[in-house]
Structures are given as C-alpha cells and as structure tokens.
C-alpha cells in the first residue's frame, strides 16, 4: 500500500462530486420505480399461488420459476437486446428509436419484474404460514374467499413478511447496480468512472460503499418502525 | 417472430461457449467450496463466546450484505493487485471476491440452521449424561445439517447465477462468451435466449432436486 | 334440521368417512365421540361445507350442502362453528372479531353490530375485555369470545369441534358452562368432544364413531346405560376412568 497516493478531496471537485450525486440519484430512482412495479405485481402473483384454482396457481408458478432461474444479468440483456427484436414492428421501432432513456426504463422494468417474483414468494409463504384453521374460521362465518383473504389472511401475512420484504427491498437497491451493464450511470458505474479518471480507486469505491451501507441502514431502521407500529398488541416479536 | 432464427450460429460457436460454461462451473464450484468453509468458520465464531468474535463477524456479515456484488467484484479486482503488488489474474481476484461475499450469506444460513435445533434437544442430551461436545456432535449437528442443506443448496444455485456478474471485468464465463458472439455476429436473440434457456434448465432442474431432497429428509 | 345420508369421503385411497347417516332435529343436542382418527372432526366440518365429501348428501334446513347451486357463504352464515384452537383473528380485538361477520356478511350497520357484540360479551362475562387482542386473553376467554363470535350471527345451529381439547383443565368449566347454557336455551347443537360429564348433562343423543363409520347412534340414557356395541364400551371404559 506504500505506493498508493491518497486523494480524498478530489471527490468533492467537479465533475466528480456531481457524478456521485447523479449516480446515487439514479440508483435510488431505479430502485424505487422497480419496487413500485414489483410490490403490487408480486402481491397479486403470490396470492394467486395460494388459491384453490389450479390454472391460476400454475400461471403464478411459471412466472416465478422463469424469473428466478435465469440470472438477473441475462434477463437484463434479454430485455435490452432481445425484446425489442421480438416485438411487433411498430412497437419495436418505437422502443429502439423513440423511447426516452431506453437503458433506464429497460432496467426499471427488468428489475421490477424480477423482484416481483421474489415478492410473490414472500407473500405466498406468508399466507401459507397461517394455519388452515384461520381460513376455516373465516369461511365458517359466511365470509367469501375474497373476504377471507382481505380480512383474515392478508393483514396477518403481510405483518409476518415485513422482515423478508425489507430484505427484498434492499435487494432492489443492490441489484440496480446491474443496470451499469447496459449503460445506465448509477452509483457503482460512476464510482468506476471516477476511478478510471482519477485513479483514486479506494476513495471512489469507498464512497459508493458508504452510500449503499447508509441506504441499508436507513431502510432497516425505517422497517423496524413499521414493524413496531403494525405489531398486534400482545404478540412477542423477535428483534431481527 | 422466429422466422430468422439461426441455430447454426450456436453450433458454430459451441466450443467457445462451452469454454465459457466450463469457467462458470469452475468458478461456481470453487466459490461454493471456499464460501462454505469460510462460512462455517464465521458461523462458529459468531456462536462462540470468544470476546469480540460474534460482534466482528456480525459486522463483517452485515457489511458485505449491504453492498452489491458488482461493487465487491470491482473492489477486489482493483485492490488485490495493488495490495499484493503483483498482477493477479482476474480469475483469482474475482474468486476471492466471491468467496468472501458468499461466505457472509452461507454463515447466516449455517447459524440459523444450528440455532433452529430446539434447546430442549441439547437439554435432553445433557440429561442423559452426554458432554456438550457430544451433544453437539450426535444431536445438534445432524439435525442442523439436515435443516440447512436445502437452503445451502439453494444459495449455491443462486451463486451459479451470480457468477454471470464477472461480465463486468471481462472474465469469459458462459454469459460473457455468449455476449461476445452476439456482439460480433449481431445475433443477440439466438445467443441470449440460448443462455437463458440453459440456465433455466439447469437451475430449475437443480431446484427440483433440492425440493425432493427436502421432502425426503425433512425433520 | 341437519340430515346426513350415506356420507363418505376418500382422501386418495384412504377412506376418511364411511357411509355416515344421522339426523339432528331442531333443538336437539347431539354429542359425537370416538377415538382420534375416527373422522368425527371431518364429519362435523363436512356439515357446513368446509370439507368436501365424495359421496352422499347433507342437507341443512332443506338446503343441500353439496349441491353446486348452494351458496356456501350464505349457508355458513346461518350455522355457527367453534374450533378446537379457537381461531380468533389475532390482528383484531375481541370486539372486532365478533363484529366482522355481522357487518360484512349480514350487512348490519356498525351501531346494531356493536350493540349485539356488547350484549354477547356481557353474557359471556367478558365485557371489560372487548378491546383486548387474542394474545392478551387466556384460552378459556378466547374460546368464549369465539362462541360469542359464532352466536353474533344468530345461527340456527351450532357446530363444536372439540371446543375444550386445547384448554387448561381449570378453564374447561367456564366454556362448558356457556355451552350448557346454550343447550338449555334450546339451541340445536352438534358437539364433538370427550367431555362425558357435559354429554350426560345436556346431550339428547350420543353418536359414537370409529374408523370413519358411525358405530352407534343412541339416546343418551341408552348409551350410558346399556352400551350396545363392544367398541363403544371399550372406548367409554377407557375415558371414563379419569
């Protein structure tokens, strides 16, 4: 390490500081937008996998298996390079030429659909964790199946899966780094770029690392609060 | 849509692609082995009573789980040559990154597996006159290993997919070789779909086997 | 009022219920007993359509449970069910547990539902626990809330699936007392239980099941007097020892 010349101040200079800020901004933006796709879609698919109707369950299973068995990077390439070719002519042309920020939106959609499969699995295990008796009790009162889901199963299932959903949410932040492979200038790619221009490798990567850790820390603290607020009185929860 | 699908390109480049697959498999195997060994050490340290050990391990695990794998790869790829002063091949830099990164995840799985064995089991063992070490060996570990094996295997399948990230440092794994061919011959559809299909078959098949294993050996 | 004709149920190759037929008239209290695995829980769950059955017919007040046109939620809203594990909804207070189905199934407005809920909680002696959550209540209290929850629907009949089996001995009495009260008021009840003391007190008829079949179906005095079947004799002698 003797020959390494430290150069922290360079990070505060233009344009490097701007790169870090915009990179971090992109990371957050991709993550949040992808989550906005993943959470609702994943919930629907997860619930679908718990119904009695085999056909619906099968659709859910196929979705989850496809998205979880192909590496995320391969999925990214598929969305960016292959899907435009497979679309009907007009759409393909629009995507390839006229769509604004194609790399950005491609990565959002890719990440969103992938994360949806993870959310689906969490929702499914949350619902399956609830004893059958609860479902019976709801039905025995005359509630319809949708009502049983709405009043009995879903409120409890989502409380159970808060920790694992948190982990998936953080996963979206981390996976946003894959967008750099199709050219999106998110945090990790900006750190690399700074390293290439200034040779301040350690400083650049350390900054990115600190920012990722900060996001993780903030999210975990926030979710602990959510858990506290939604906790059912009288139950003992395990502090993660 | 598939009118112009060119299978021949896959055949022509089969050796090259196979070379990439070999690298993927090699990297996965080494990373899984190394990661497991390190993971066991970390888990044991975390559960031990050695002063500071649990906290340090927890810090390490949480730190590595907060960052993206790509960033970890860049760290080691740029830093290891600087640290050792020599040029290390990218394969070994990346391998070290993977081992250290995945060990964090493995150690959590192992720790959870050991903790999942009910305390009453240890008490029962001690009540029979077994020592702590014997209880560990005959009662706790067999159960823990049965519980954690499916999860460890699943994590290893994830590992197989994670190796595709070596793309960012140009290491020629299966996905990267496919990408090279796709770029060179302008046939992204065939190549990427082929890669996706191969991974789909391998990973789905492997997870089915894990599922069956779990059903047969679950406690 | 509740009639079962030749009800059989297969679970794959395993026959869970074997040609069960019985009748529960209005106001009757029928106790179903038998060793574990005899199918009594399954039988009672078939009565309100929670468990499907392979063969046979079940009618409640003339409406067939198995028929495709039977709108099960409506049917179930007229029959109350109490479960062995109470199955109160853990994320709702006792009062809300009782109010939920009144509002969402019967369509009662909040005020009416609240009045009914408070009435029932008073009756159970649980008025001051109305806003407590299940985790804050004892087993006996939870089961009494569960009974109130079922009664809130003004059911024509009540089904009990081993209501006291999961309770500590000291709490069994408080729940049985409530059930005795219901029986004396004329509620039609089908109760799966091991509590023979309760049966002797309020049952009109005893049904003994073994290996999925109804082995004996007799009036209470006959059952406890001259036990006809050997199997029932065996069973009773074992459980009456405690």
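First chain written, first letter: the chains are A, B and C, and each begins at residue 1.
Here is the rule we use: a contact is a pair of C-beta atoms (placed from the backbone, for glycine too) under 8 Å apart; a residue touches a chain by one contact, two chains touch by 3 or more.
What you see is a predicted model; the values in this text were computed from it and never measured.
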{"item": "Identity of the chain that, by mean CA position, is farthest from chain A", "value": "C"}
{"item": "Chain occupying the middle, per Cα centroid", "value": "A"}
{"item": "Rounded Å distance between chain A and chain C, as computed from the means of their C-alpha atoms", "value": "46"}
{"item": "Whole-Å gap separating chain B and chain C, where each centre is the average of the chain's CA atoms", "value": "52"}
{"item": "Length of the line joining the C-alpha centres of chain A and chain B, rounded to whole Å", "value": "20"}
{"item": "Residues of chain A engaged with two or more neighbouring chains", "value": "none"}
{"item": "Touching residues on chain C, where the partner in the complex is chain A", "value": "45, 48, 50, 72-81, 83, 85, 87-91, 100-101, 104-106, 132-136, 146, 149-150, 153"}
{"item": "Contacting residues of chain A [partner chain B, same complex]", "value": "1, 4, 65-66, 68-75, 77-78, 81-82, 85-86, 170, 173-178, 180-181, 188, 191-192, 195, 201-202, 205, 208-209, 212-213, 216-217"}
{"item": "Residues of chain A touching chain C in the complex", "value": "131, 133-134, 136-144, 147, 151-152, 155-156, 159, 232-235"}
{"item": "Chain A-touching residues of chain B, taken from the complex the two chains share", "value": "1, 63, 65-71, 74-75, 78-79, 82-83, 161-162, 164-165, 167-168, 175, 179, 182, 188-189, 192-193, 195-196, 199-200, 203-204, 207"}
